[in-house]
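In this document, chain identifiers A, B, C and D correspond to the written order of the chains, with residue numbering beginning at 1 in each.
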Amino acid sequence: MFANYAPLIVDGLADAALIFFVAVGLTLVFSVLHILNVAHGSFYSLGAYLSVVIGTFVAGRGWPALSFLALLISPIIVTLALGPLIERTLLRWTYGRSEALQILVTFGLFLILEDAQKLIFGVQSYSQDAPMTLLGTTQIAGIVYLNYQLLLIALAVLVAIGLRLLLKHTGVGKLIIAVVADQEIARAVGIDASRVFMLAFSLGVFLAALGGALASPTVGVSPGLGAETIVLAFAVAAIGGLGQIEGAALAAILVGLTRSAAIYFFPEFQPVVPYIVMLAVLLVRPYGLFGSIGLRRI
Amino acid sequence: MRPILSVRDLHVNFGGVKSADGVELDIHAGEVVAIIGPNGSGKTTFINLCTGYVIPTRGTVLFDGEPITRLPPRKITRRGIARAFQIPQLFTGHSVLENVMLAVAAQSDIWQPIGPLNRETYREAALRILDLLALNDSADQPTAVLPEGLRKLADIAIAIALKPRLLLLDEPTSGVSTAEKTPLMDTIVAMLRAEQITALFVEHDMDVVERYADRVFVWDTGRVVASGHPSEVLYNPSVIERVVGVA
Amino acid sequence: MIHLKTFAAAAVALLVLAMPATAQSDKPSEVGFGVFTFTSGPAAAYGMPGRNAAELVIEQINAAGGIGGVKIKPTYVDEGQGTEGVVAEFRRLAADQNNQVMVAALSSGNCLALAPVAEQLKMPTFMWNCDTHQLFLKDKYKYVFRTNSSTVPEFVASALYLLSVKPDVKRIAIINPDYAFGRDAAAIFTAAMKALKPDVEVVAELFPKLGSPSYNTEISRLVTAQPDVIFSNLWGADLENFVRQAAPRELFTRSKVILALGESILQRVGTLLPDGVIVGVIGDGWWLSPDSQKNPQTKEFVETYRKRFNEYPVFPAFKMANTINAVKVVYGKALADTKGKWPTRDDLVAAAKNLKTETLTGTIELRDDNDGLVDQVIGMTTKDSGHPFPIMGDMVRYQASLVTPPVGVDPLAWIAKLNPSVLATLPKPGSYK
Amino acid sequence: MVVRYLIGIAVIVGLLPLAVSWLGFVFTVAIGKGLAALGVAILLRGGMISIGHALFFAIGAYATAFLMRGKINELITLFVCATFITAAAGLVVGAFMVRYRGIFFAMLNLAVSMVFFTLLSKLYHLTGGTDGMRVMTPTLLGMELSRPAFEQALQLIAIVLMVGAALAVDRYLKSPLGQALSAIETNEVRLEFLGVSARGVLLVAYVASAALAGAGGALSAVAIGHVVPEFSYWTLSGQLILIAVLGGISGVPGPFIGAFFLELVRTFAVGFAADAWNAIIGISLLVVIFFLPEGLFGILQRTETRMRRPKA
């Protein structure tokens, strides 16, 4: 029994892990800034590009093991270079304005970032395989898996737990939670909300770029990756309930498993799966699995 | 005579807080009644319950003898209950006149997409109402820049334009300076009498209540704890303690 | 009414600016070619060799004085912008009379979209790479030629070769890109296998979308299906990614794998492949084939290409080079027909009819339906001391006439009638040396 | 006022291709997108942003392709049927959508359009998958025209469609129903307390916007001669919003001005900045949002007012 479904579950979870990294960043940014960041997928692809470039560079110099470091360093570079900058210049102009406008601003940013990537990295496909080959393989139920895939699952669990701990037990986390709960009160008690916004946005950028970096050893990176990723992240964030970290995790698992199940049983419908799940969930629970919305005070 | 509004055994519960806990009351046609009570006693919730914005957990609201308890706001409005809000609810993209014209159009041909909103029939009807509330001078101003007192009036003008039989006013004088309260209420009540509209208003200012209400209900923690003519109720020591002492 | 005047002035100004600056002379100083290929996205891994080859061949032709003294001026169009943009560019280029030839396109999808447009605009169009047999299946074109083979001979060849090296195959699995080329290939390969060996069974059929970045779930699915043979006509970066992800997971050692377009990635990720993976060039464009090795022109092309672009020309480069050279031959014929007067687009079309010419890697022959006849070369990966990557060994060259249905015959019906006895009459693996 | 602008645009768009023939094609496609963007602009009036309106553009386009496969060959019939089919689709999808606001509305539209996109790409045997479907040259009032003649006729029809649609939408937006739509943006709760169903108002707008997008899709399908699943990809939806905002949503000529601007920039950018045209568009979008909130149409209007003032 297990033998039949093991591949489905392992692949589904590995898939879910990658989806989770992007979706949780998107949802986190939304919960704090109330902005649906269309450019979020571009941070994912930037992270991926950069880690391939650095990774293949160090691997080419004879230190393939260092390419693991590239997986961690490149998202940090992307975050430091873009997170505060974008929040300080573009986003803060849009706080408190209409959602339509905020979406448009981030869409403009998306267009610019997509072309910036083309100008920097060219239009051809990039890939690296050092991290994948170094870690070797494992047999589960007769099927060879990359240990790297298993590592992804473990990392996703770690990031989910880590985020929770960060929010619950650190000063920054508490500030974020206070701002999410009630911005006005937070400001009233002297919390510097604008700094919290910047931190939360940068954390979101980091998570997206980390997702891209971690995906890069198993996928080819080429133009259009960001556009594909963002819609998937939207769907997962919406299924989980916008702004819900646990929701994003559950939704990622749901989507990952259903997607791989679809490849086994209905390969034709595999790409529709995330959206069908999303529509089904939102029909029953309009604000996602974990989401809720209050009445307007009148 | 059958009451125009009749509420029986109304309950509602917000996360453990009982905003209505067995409310019962009747309002008769032609009356102007007031509701007083401390903050958080459920006065606004009562208006929300009567207009369908909040659904009661139990109980019934009868308008003109017909149950309207679970109807959505727009259906209740169409039956003849209009309301004005504590925080004026205006269409901020439109001028005062357009706000009222939209309300005028709302009763008949809101669904037609061809003729313009800005037409003579609507304009006349709307200007008449602005006239009643002494708002003519602000007719062409965008509502977004209006001072609070005028916003209140504009909000009420929209409600009046719906030609309601029952008008619910949520703190019509809040946010209005003491000096303006009397002229404002004079205008409103004169208009109510002229248009023969039954009205219920929530109010904090005892002077206003005493001066304009035919009857008053005293509210506390979701219940009606006293009712009657203002001259009796407002001088009842236990009421004073409940309302004034706490509020 | 000021703005109406402003409008009018603007309109007049634009009109003047946009007036064609040149008058038509008898012999133009330059002749424009539209060259359509992928230069962006995952497909560029395959499209760029095409573009490189075009650049090289056009330079060579121009350096040798051009066509009848007229230099070629290419305009490259990126197919990566999507079909709508490609059609728009085609129309824009065709509107300029100086552009006389379109070398279009790489993707079968774009070919299917462009062919009727070419016909409407009476634009001579040479399909340099598109393979779908649907192109000439229902529609007859006057202005559209395919200087390339189609899916039918290409994947019938795969089936024939497979059965000559592994006659006991029972379970086959397919993973192809999800569009005409991949779907056609699956249908043709399956039909050919069923005709030649009726007891084969398709145990999995996957069509990931063109440009998918990850194939991990598909790989697990292929492994669990336990096929004897996996057939794939993935290409470009898709194929690279697939090989990269599948090789460590032992897909290539557990089943016999046919990578019908495998030659194009041997230099990049070929070291990941074990010996014995069946790889093809869909056509005859293999730079190390005996025919290529014999031809000094080809050797020169390979050398120059390698120096300039730092890799050996893969088969898409030959498809492009062969097409442009064929167009040059067409011009030669047309100039002869018009007695030296510069040919019109219609003259070119007349000259291209039933063209038959030598190419760098073999021959091209255009049939009555404008479809091309090209031989099929196929082989298996084998290590070679002369190169740091595997090359093709155990090669076969199937004559075009052997694997191509005649004009006017429904290809799938033709395949269904293939007789297993034909296998005995075919050249054997390794016979092409 | 609006009429004069529309006539001005129509004249330019009608005359220019006489000199540069391929511009005719570019303008026809631009009008197709402009129609769809006008649909998006209607929803923006109600404060609703749909990142999935390419769905209806694609439905209109594919409806045309399927109708032609079903042997319906008359251009006018095709346009009318495709528009009705899209409007019907808009009614079905809209009935579900009008329950949602803000980001949820945006995302659900996105989800539905992506489902459609994926189905179009995946149902190979029905839709031709990512290769798309061919759209042959239809007849016009029963006449079989040569392609160049047909394209000129199509261009005129496109201009008529543009002017007609813009005028109709202009009337609609000024009517009580259109004003109620803007009221949804500023105070939906109050609208309900006027006895008006906000969902109903929105549904009408949604169906109208879907029909416009469908007409635009049908026009583009016939002009391009081919339909592909990308017609419903979310980036096209993004482009439609962008066109609407760039052109300015304060008046109906806006989306068309935006569409012409975009197509022209794209056409010229291919020459010198092929890899950066998205960035160019993105930057102009940000500039418009931050510095010229009324869009290109707003600038045009303001310039005219300024030029008139000395005379008055």
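Rule of thumb we're sticking to: a residue touches a chain if its C-beta (ideal position, glycine included) is under 8 Å from a C-beta of that chain, and two chains touch if they have at least 3 such contacts.
Quick caveat, the model's predicted, so the values are computed rather than measured.
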item: Contact-graph separation of subunit C and subunit D, given in steps at minimum; value: 1
item: Per-chain Cα centre nearest the global Cα centre, belonging to chain; value: D
item: Centre-of-Cα separation between subunit C and subunit A, whole angstrom; value: 38
item: Distance between chain centroids, defined by C-alpha means - subunit B, subunit C (Å); value: 76
item: Subunit A and subunit B: spacing of chain centres that average the CA atoms, whole Å; value: 49
item: Length of the line joining the C-alpha centres of subunit B and subunit D, rounded to whole Å; value: 43
item: Residue list for subunit D, restricted to those that touch at least two other chains; value: 121-122, 185, 189
item: Per-residue multi-chain contacts in subunit C, two or more chains; value: 207, 209
item: Sites on subunit B at which at least two other chains make contact; value: 53, 85, 89
item: Subunit D contact footprint on subunit C (complex, rising order); value: 1-4, 7-8, 10-11, 14-15, 18-19, 78, 82-84, 87-89, 91-92, 95-96, 108-109, 112-113, 116-117, 120-121, 178-180, 183, 207, 209-210
item: Interface residues, subunit D side, partner subunit A - complex; value: 44, 47-49, 51, 96, 99-100, 102-104, 106-108, 110-112, 114-115, 118-119, 121-123, 185, 189, 234-235, 238, 241-242, 245, 275-279, 281-283, 285-286, 289-290
item: Subunit C residues touching subunit A - in the complex, by the definition given at the top; value: 39-42, 44-45, 48, 80, 205-207, 209, 211, 213-214, 216-218, 220-221, 223-224, 236-238, 240-241, 244-245, 248-250
item: Complex interface listing, subunit D residues touching subunit C; value: 4-5, 7-9, 11-12, 15-16, 18-23, 25-26, 29, 121-122, 124, 128-132, 134, 136-137, 147, 220, 224-226, 228, 230-231, 267, 270, 274, 300, 304, 307-308
item: Touching residues (chain side subunit A, partner subunit C) in the complex; value: 4, 7-8, 10-12, 14-15, 118, 123-125, 127, 129, 132-133, 137, 143-146, 149, 215, 218-225, 228, 259-260, 263-264, 267-268, 271
